[in-house]
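Going by the order they are written in, the chains are A, B, C and D; count residues from 1 in each one.
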Amino acid sequence: MNKVFKNADDAIKDIQDGAVIMIGGFGLCGIPENCLTALVKKRTKNLTCVSNNAGVDDFGIGLLLKGRQVKKMVASYVGENAEFERQLLNGELEVELIPQGTLATRCMAAGYGMPAIFTPAGVGTEVAKGKESRVFNGKEYLLEYAIDAGFAFVKAWKGDKLGNLIYKETARNFNPLMAMGGKITIAEVEELVEPGELDPNQVHTPGIYVHRIFQGSHYEKRIEQRTVRPKKS
Amino acid sequence: MNKVFKNADDAIKDIQDGAVIMIGGFGLCGIPENCLTALVKKRTKNLTCVSNNAGVDDFGIGLLLKGRQVKKMVASYVGENAEFERQLLNGELEVELIPQGTLATRCMAAGYGMPAIFTPAGVGTEVAKGKESRVFNGKEYLLEYAIDAGFAFVKAWKGDKLGNLIYKETARNFNPLMAMGGKITIAEVEELVEPGELDPNQVHTPGIYVHRIFQGSHYEKRIEQRTVRPKKS
Amino acid sequence: MAIDKYQIAQRIAKELKDGYYVNLGIGIPTLVANYIPGGINVTLQSENGLLGMGPFPEEGREDPDLINAGKQTITTLPGSAFFDSALSFGMIRAGKVDLTVLGAMEVSERGDIANWKIPGKMVKGMGGAMDLVASAKNIIVAMMHTNPKGESKLLPECSLPLTGIKCVKKIVSDLAVIEIFNNRFKLLERAPGVSVEEIKSKTAGTLMVEGDIPEMQF
Amino acid sequence: MAIDKYQIAQRIAKELKDGYYVNLGIGIPTLVANYIPGGINVTLQSENGLLGMGPFPEEGREDPDLINAGKQTITTLPGSAFFDSALSFGMIRAGKVDLTVLGAMEVSERGDIANWKIPGKMVKGMGGAMDLVASAKNIIVAMMHTNPKGESKLLPECSLPLTGIKCVKKIVSDLAVIEIFNNRFKLLERAPGVSVEEIKSKTAGTLMVEGDIPEMQF
């Protein structure tokens, strides 16, 4: 079975209005740029996006927001985005905020076939409202359900044609977790290689979690907060 | 803080009678040979060992059994061991059998700070007796608690002096999981290197889970089932 | 005539589809790997932590760090991946493995399976069997139709301690291919030359027989 | 005189011990990294997925794939390790991180913290703050003693939506070092030249003062 697609347009062509999509990346780091751009071009509407962040005004998921393609955003932090704020305050956009570690673990739970997990995050706060809680060894935990979705977009550094993925540095972040939650996981990679070219000992996401893969292009890799120290002279 | 110990004797010297120890490895593959040998020599008694298997008569955990050092064995499969059988039938040894995936996930849960997990393994069987069960999306799951212990022994291929570990091939198996469950995790490695010599992108167990590390020696790496095909001529 | 274990494996191999991820248990199931039909790609999962298992190594090339769930020395194929045992059972539990083939001591009409414990005999443990049967989305049992005493292993209810409940989808035995359908055994195929009557007589549970039952093709 | 944010960071740095794994939040907490005492090794964790965070890169050496939880470009130190965000919060939840330093808008006498939401203002989300405060075994809050309006941020009860409950162990402000003890604020140290009276007047919650209160040492 061939998992290799020509490009992002080809890989996402069956995504319909109303789809739920899990999207890897943290801030603008490690986001699936090609898939997002293709989805903007495709003008698919009423999307639910599950992603730690919502991009910035003119990059990442921000582009989907600009095109009014997103109905609901499930995220942990959505700052840095004026258009987001406008749509939210106007009631055009629904938002569900989830603590970052809870979000990460709920996505992972889907990939581990665990229907729910326990986490102390949010106990005693408004996040706990309406949720079941339980005490283990004197500490209170919330029961939180696994998150999966029809599609997941992830970005890796290297991948092989069987879908095995290796991420680079902190661009790993949510990518392996979103990959595990997708019923159809679409991976874009900076370098697509033949099976056997990746060291099987170093694979981060085994190909069984990846259904489509393509060689991405034109990565911008925008930096959100450029912080530097002076050059040593 | 120095995590580096001289050898196994040095690394395990504070383990007392009655200790609970999680031990990595699957069958005889990837077992912490040096730590086990040192523990045999130390003659520590009344141990509870958590390990997928119990070794064979004259190797691995089998050596602890021979020395009557084990009070209780928590495992998923304990065949291949006549001394084990003798002690069990004589009532000298207590055994708790846990499905393999449940065991793996319960150990991992400890490392993820999750007090319990849900798994369908064992539903409707004697494993489910006395356990809480719960239906999610029409499927029944058992509630199983995280497993941690005072000590964990793990074996890695390479490790650095900060405790970062890389395993080799299927010798990874339970090692990263046991490492996560130990309050004091002791890692023995085939090659101990300076910080910076391992690629941080390839670390399997981050050093935060490892409290003591030493360069192992004299690895026998015994093969349990030698299966081969004829050489191509 | 009843088929042998190699033919059982060969018949099961016909259930494989291109792109399948497959977990093969110890015994007859392992033999299935030798009969993967041409033109399709199947990836073998070994639950100790490997996707992309290859054949046994050539003599002298055994690697003690590279074994399968049966603790046998193996090799990997290009594009394989190693992972820990929790992720391994995680992908099984999440239904990512398309097909699991297992041996069994008994199977019941409703798809219960017993294959880990005989009361009074030494208990070796369930290993990964309970996880596999509880989690896999498609389970085929490979086994002899009767035990060495000639007693049926296809029962109204299992008499041995269960490994899992309502999980077996299909059985390929030395006599027949049988599907679990509405809490009954439904006869799909006969081994070449084996009569429906013989299969019926060796099946203790209810056997549904509808229309002509074809012989197995290999 | 009240100390500045650099001195707050410097005072907090004195809480570090050799071998500590530490998570530093955005703002003043980040500055703590600049004052790690000589002779001890501390490993910085960034919750997006890194242990062994180093300083900002030299100009021109920024790597977009290498950022911290504040989305700033950073470097790694020898012996660092990358992992996914689930394992990152997993090690936090498991209590493997020895110390977490966070900013706060309000802290209550019983150690509740509010630092993510102001009703009526745009809600940006809690990010990892709720996970950190619910999971960390030792939490120090770095903040100004009063808000820009001059109102105390150390309250009998938080008025803002909570981030977590009963979790803060210590507060280092521009005026004082305070411990949460038996559901009260216990004064441990004064900023140099700041009187107990001033601290008392700027602490809305109950302030325990026992014996002589020493000045902070740097």
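Basically, a contact is a pair of C-beta atoms (placed from the backbone, for glycine too) under 8 Å apart; a residue touches a chain by one contact, two chains touch by 3 or more.
Every value quoted in this text rests on a predicted model; they were computed, and no experiment measured them.
Engineer: Can you list every chain in contact with both chain A and chain D?
Structural biologist: The shared contacts of chain A and chain D, listed by label, come to B.
Engineer: Counting in whole Å, what is the centre-to-centre distance of chain A and chain B, each centre being its mean C-alpha position?
Structural biologist: 33
Engineer: Could you work out how far the Cα centre of chain B sits from that of chain D, in whole Å?
Structural biologist: 36
Engineer: Taking the mean of the CA coordinates per chain, how far is chain C from chain D in Å?
Structural biologist: The separation of the two C-alpha centroids amounts to 56 Å.
Engineer: For chain B, give me the residues that contact two or more of the other chains.
Structural biologist: Within chain B, the residues that touch at least two other chains are 105, 112-114, 119-120, 167-169, 200-201.
Engineer: Residues of chain D touching 2+ other chains?
Structural biologist: In chain D, the residues touching two or more other chains are 76, 82-83, 86, 90, 92-93, 135.
Engineer: For this structure, enumerate the chain pairs that meet the touch criterion.
Structural biologist: Every touching chain pair, ordered by label, is A-B, A-C, A-D, B-C, B-D.
Engineer: Quick one: in the complex, what on chain C touches chain B?
Structural biologist: Interface residues on chain C, with respect to chain B: 46-50, 55-68, 70-74, 76, 82-86, 88-90, 92-93, 112, 122-131, 134-135, 161-166.
Engineer: In the complex formed with chain C, which residues of chain A make contact?
Structural biologist: 1, 110-114, 160-162, 164, 180, 194-196, 198, 200-201, 203, 206-209
Engineer: Taking the touch rule as given, give the residues of chain A at its contact with chain B in the complex, in rising order.
Structural biologist: Within the complex, chain A contacts chain B at residues 105, 112-120, 136-137, 139, 141, 145, 166-169, 200-202.
Engineer: If you look only at chain B, which of its residues touch chain C in the complex?
Structural biologist: 26-30, 52, 75-79, 85, 88-89, 95, 97, 99-102, 104-105, 107-108, 119-127, 157, 167-177, 204, 221-232
Engineer: Residue numbers of chain D touching chain B in their complex, please.
Structural biologist: For this pair, the touching residues of chain D are 18-19, 21, 41, 43, 45, 51-52, 76-83, 86-87, 90-97, 135.
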